[in-house]
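Look at the two complexes coming up: chain A is in both, with chain B in one and chain C in the other.
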Partner chain A sequence: MNDTTPSSNGYLLEAVDLKVTFRAPGGRKLHAVDTISIGVRPGETVGLVGESGSGKSTVALTLMRAHEPEGGTIVFDGQDITHFNERRLKPIRPRLQMVFQDPYSSLDPRMTVRRIVAEPLKAHRFGTRVQINKRVDDLLEQVGLPPDAAERLPAQFSGGQRQRIAIARSLALEPKALIADEPVSALDVSIQAQIINLLRNLQDRLNIAFLVIAHDLALIHQISDRIVVMYLGEAVEEGTADDVVGRPQHPYTVALLSATPVPVVGGDAERIVLTGDPPSPINRPNGCRFHPRCPVARDRCRTDKPPLVEIEPGRKVACFYSGEMPPPRDLWAHEKEESASTGD
Partner chain B sequence: MTDAAVPKASAGFRMPRIWSESMQLNIGLIIFSIIVLSLLTQLFIIPSSYLDGELTSRLKPPGWGGHVFGTDQLGRDLLFRVMGGLPWSLGIAGMSTLILAVIGTLVGLTGAWYQNWIRTVVLLAISTFVAFPFLVLALVMVAVVGRGYWPITLTLGIIAWPAVARVIYAEGRALLQREYVLAAKLFGVSQWSILFVHVLPGIRPTILVMAAFLFAVMLILESALSFLGLGAPLNEPSWGNMLADSRQYLVNAPWMMFVPAGAIVSAVISLNLIGDGIAEISRKRARAVEV
Partner chain C sequence: MSMVAEKESTASNDAAGTPILSVRDLVVEFPRPNNTPFRAVNGVSFELRQGETLGIVGESGSGKTMIALSILGIVPLPGRIIEGSITLLGKRIDNLSLAELQKVRGNDVGIVFQDPMTGLNPVRNVGSQLKESVRRHQHVSAAEATEIAFHALDDVGIPAARDRLKAYPHELSGGLRQRVMIALALINHPDLIVADEPTTALDSTIQAQILDLLRARLDKSTIIMITHDLGVAAEICDRISVMYAGRMVETGSIADVLSGPRHPYTEGLLAAVPKFDVRRPTLVPIPGQPPTADDAITGCSFAPRCTHAQSKCNERPELELIDGRPVSCWFPRPGAAG
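And now, the complex of A and B:
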């Protein structure tokens, strides 16, 4: 179970040119995800960020093979699982798990915590009842729940505790890759940090390939090694977390950053406020998908679609004018100073 | 862990113990068990000749000569007859409820489970059946299939399942769209486990409540069929038959009408109370369980 065969580029879970469309009323196509490539290496955290409706969750569910991709391939652990049926997916499932956004709807309200956490164990014939019970107790301890939690119902827990239960369930089978779809967006801000820290600690300890999906760039920056920014089903920027946040090259990333509250006194930088809603994925604009809302769009952006080009190794941007970005304010400057001063 | 003091709740919906928190359910169960007990009594205690009457004691009022509920136009004891009618009235209603609950649940869940043409077929079948009024459909089917215990049981069971199927379809579909079902699927839980672990416990209260109410409806339907002469054979003591007999003696021997009518009414009321009680309890439990 610990033997993983990453592909040549080291990815444990990889999507290549993933494309997902849904049928919209009137026979039109809704392009939820349009040729996205994303890969996660063991022990690495990749953040997928974008606003609501950008197709982040669709990417997650397609990687989990809950949606059928229209094009592209999904490779997990050296196997092309794009067209696996449920029977062939079954041995994959224990190694590829997911944490859902809403800990209120992702736990069956009629089941005790013990039964909820034991469900994947039973499905994969983990062992005897005694072994399963012991594993459940271990897991609950790992995620920081009291021992008596096992016999209670989800309704008796707060949102943060429920998400811990959901995380315990996801970790039950010791996955090699974990996808977390907005793991904290349904929680109180005060609880978010706890859950994020829990996920980070567990990942460090278990060396999981971790794909986190969120709309909050600050949060993604905090936990990710690399970040992929999505807009309207397409990747617009990709790079290391510090690069994307510190030197954003796509106007959309700049806009996302300037929407993040500034954690600095007097840090009142110039803001780019996006106007309007994201366009409909059924009826997408020609050229660059972002041009109707882009502050620096020119004529060319209305007709030609900028490809995602690698401007530096591991750094990709889909913008014709990425070199001309307005200089972003360094949002996390104070953090860097702090960590530098503490020698971290 | 501020909620550590919250008392341990039972997991999910359980069939209530004999004395439950719902007074309606308690009363309903008491009445219903009296009725069922008397069914058992008549099977063992009542002389096999209860169907024979004495023409010398025709149309006697309740209490006359040891006849607690009086006698009918052929001098037959009404208490024995109303008890002897249990296999016909309550038995047929119960069996047909079982049949319709099973068919309705299977069909409803099938429609909820599949998203392809099977769902279309199921919904079409339900709509087609629902379009016919119960009694009219029952009359036609009995006319075709013929009378007798099993033909009537099957007829009642088969005409009423769409009522269950429609509700189970809607509830099952809502349950299957819950995120925890998707989660279970993505954890590699098999379809049968999802069905038995997540879906069936979720719809169990609904099935029980609908079964209790439809039991009462079936009881009335069977009585109506017998009343119209399409149910039990004329010499069999079905409650509907007895009501039909009483029409000619309404003025001279009103007890002939009150006895079977009282039996039907009390059975129907007890079943409705049971249904309401189960609904009340499952609502309370759901409130304790959902957030």
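And now, the complex of A and C:
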């Protein structure tokens, strides 16, 4: 049984040329997202990474129709939902769910965890009260929360526990597309692994299209099929997870990878330190948005803006001199040593 | 910077002398209706010397944030510190009045809250919150406070910092908000910085910048870094303590703990760190679930999940020195030697 209609390129959820702006103090425009296209196929995981403040959450929230885009279209399940009103969105909501970045403000502090997780179930007439209660208990157990959690208030939980409440709620209706904004950043790595495995099993079973935002590149590499790298509101690099992490082409991606700390003392020896001020989305640099901080920028980069071009099928980079940055220090080196030493 | 009023040295803190912070046998309890209270922190002791960075890592829900809030005297009700003592700069602070605590906060201790909304007021712009904190602790004019606030935002790598002074917390991305909190924690140059997951919302390049900024403060400050990212711990901490179910189960130099964990929980945690190697169909969590308040475990709290547990583990293991570092386990792992 397949009750979804992906678009011609196979995407279940897609943004085409999405543009989102906010009003900054002083009446100027803040360009949070400037023409990005991103799509997720059923059963696929797309990882969205990039600078803090580069527009990742804005992309996610706009896909959910929580922000109005200034331009572009949003397509879900073959329908253009860009201008759907709340009434027309309602039947879509159960199939399109999101875990918000901030588990503190996204949970109503006056509601018990049971009510929070049951809310979507009630709104979409999941079943009888008994069935709903049973479903809530199952969900809480799946995300590793204690049985008495249901009767408590959000404030009575640790950061990571709240994040799991939000995950349980997003899974309640078994969505077809799930957007998760930093879903596991507040969790210890063991519970993180448990939650990721849970999401993967669910994805396999329900063929979920999964868009995940995270700063942990090792984790993103582990779970994503494709990765999109954002910088100042735009996509600068895109490709399979192995390609983006193993053969990064954009200098920003290289810097991002090189700055990833590894849990080994002295493991950060070859970090590439970005100099220059981080860019402002209110007053963006001309030419390539990354040029003021780019170690390999030339004159051309200061005046011309490199387009995002497809260098191989499914592999895109926005850089005139892509691939010129030396690859980051061998991120896999310490693990090779490790497995060599534990191998005997 | 010249405008930052130099604080008079509050205590003699020559390296061998009194520690900056000393926490002894801390117990934090939450009462439960018709039930035994829940011990979120269950007998935790540690010390910090000038310029040192202690990492606290471990299980989600194991009491890390409660330790941080205890130091600030702001354990949320109905939670309470029911045992133990906290001594900061030679002075007991676990029994201070609210007014006395106000002075300690910001001046002696700066905290980066895990929950951005505990740290920031949602209805006031970022600039006025920073300025208020500056003027509460430093004798400067309003104009000087504005400059200090601007530089504090600039230091944490916030683009267009001057414009952002007028921004409200909800107008900031997760990582920008986190950086505003770091700026707020550092703005009065506290002796002790307590940072609770300060870089979870930051990309690696900005995270590196923040870690450098913290490191640069170490000549005057001492840091407690609570984090789930063992890579971050490796970069900045001298020592780490690993928490499980309200207790510190292992403490040691960062190199010793990462390269030779002695407690089986630490070992499991390290094995679960996602790595940059071939993509795997599943990640490896520690099997089983952490204990809940109702599991009346009298022995080792990790035993029900531990592959090395034996009948002896039904008794509670005390912290004992193994190779010079405290570990609470009857059957410690071989560590780096194995």
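Keep this in mind: the second predicted complex is superposed on the first by the 292 of 344 C-alpha atoms of A that agree within 3 Å, B and C clash if a C-alpha of one lies under 4 Å from a C-alpha of the other, contacts with A are read in each partner's own complex, and residues count from 1 in each chain.
Quick note on the criterion: a contact is a pair of C-beta atoms (placed from the backbone, for glycine too) under 8 Å apart; a residue touches a chain by one contact, two chains touch by 3 or more.
This structure is a prediction, so every number in the text was calculated from the model and none was measured.
In the superposition on chain A, no contact is made by A:303 with either chain B or chain C. Judged by the touch definition given at the top, the superposed model places A:131 against neither chain B nor chain C. Contact with chain C, but none with chain B, is seen for A:49 once the two complexes are overlaid on the shared chain. With both structures placed on the common chain, the touch criterion links A:155 to chain B and to chain C.
Comparing chain B with chain C, more residues of chain A are touched by C.
In the superposition on chain A, A:221 makes contact with chain C only, while chain B stays out of contact range. By the touch criterion defined above, A:196 reaches chain C but does not reach chain B. When both complexes are overlaid on chain A, the residue A:146 reaches chain B and chain C alike.
In the superposition on chain A, contact is made by A:102 with both chain B and chain C.
Once both structures are placed on chain A, chain A residues 102, 104-105, 146, 148, 155-158 are touched by chain B and, in the other complex, by chain C. Listing the residues of chain C that touch chain A in their complex gives 30, 57-61, 64-65, 76, 114-118, 157-160, 163, 166-167, 171-176, 178-179, 197, 200-208, 228-235, 254-255, 258-259, 268-270, 272-277, 279-286, 289-290, 292-294.
Remark: chain A residues 22, 24-26, 49-54, 56-58, 101-102, 104-105, 144, 146-148, 155-161, 181-182, 185-194, 196-197, 200, 215-219, 221-222, 241-242, 245, 255-257, 259-265, 267-268, 271, 273-274, 277-283, 331-332, 335 touch chain C in the complex. Every residue of chain B that touches chain A in the complex is listed here, in rising order: 1, 3-4, 6, 8-9, 11-13, 178-180, 182-190, 193, 197-198, 201-202, 288-291.
Chain contact summary for the complex, chain A toward chain B: residues 64, 66, 89-90, 93-94, 97-98, 100, 102, 104-112, 115, 119-120, 122-124, 146, 148, 151-158, 166, 169, 173.
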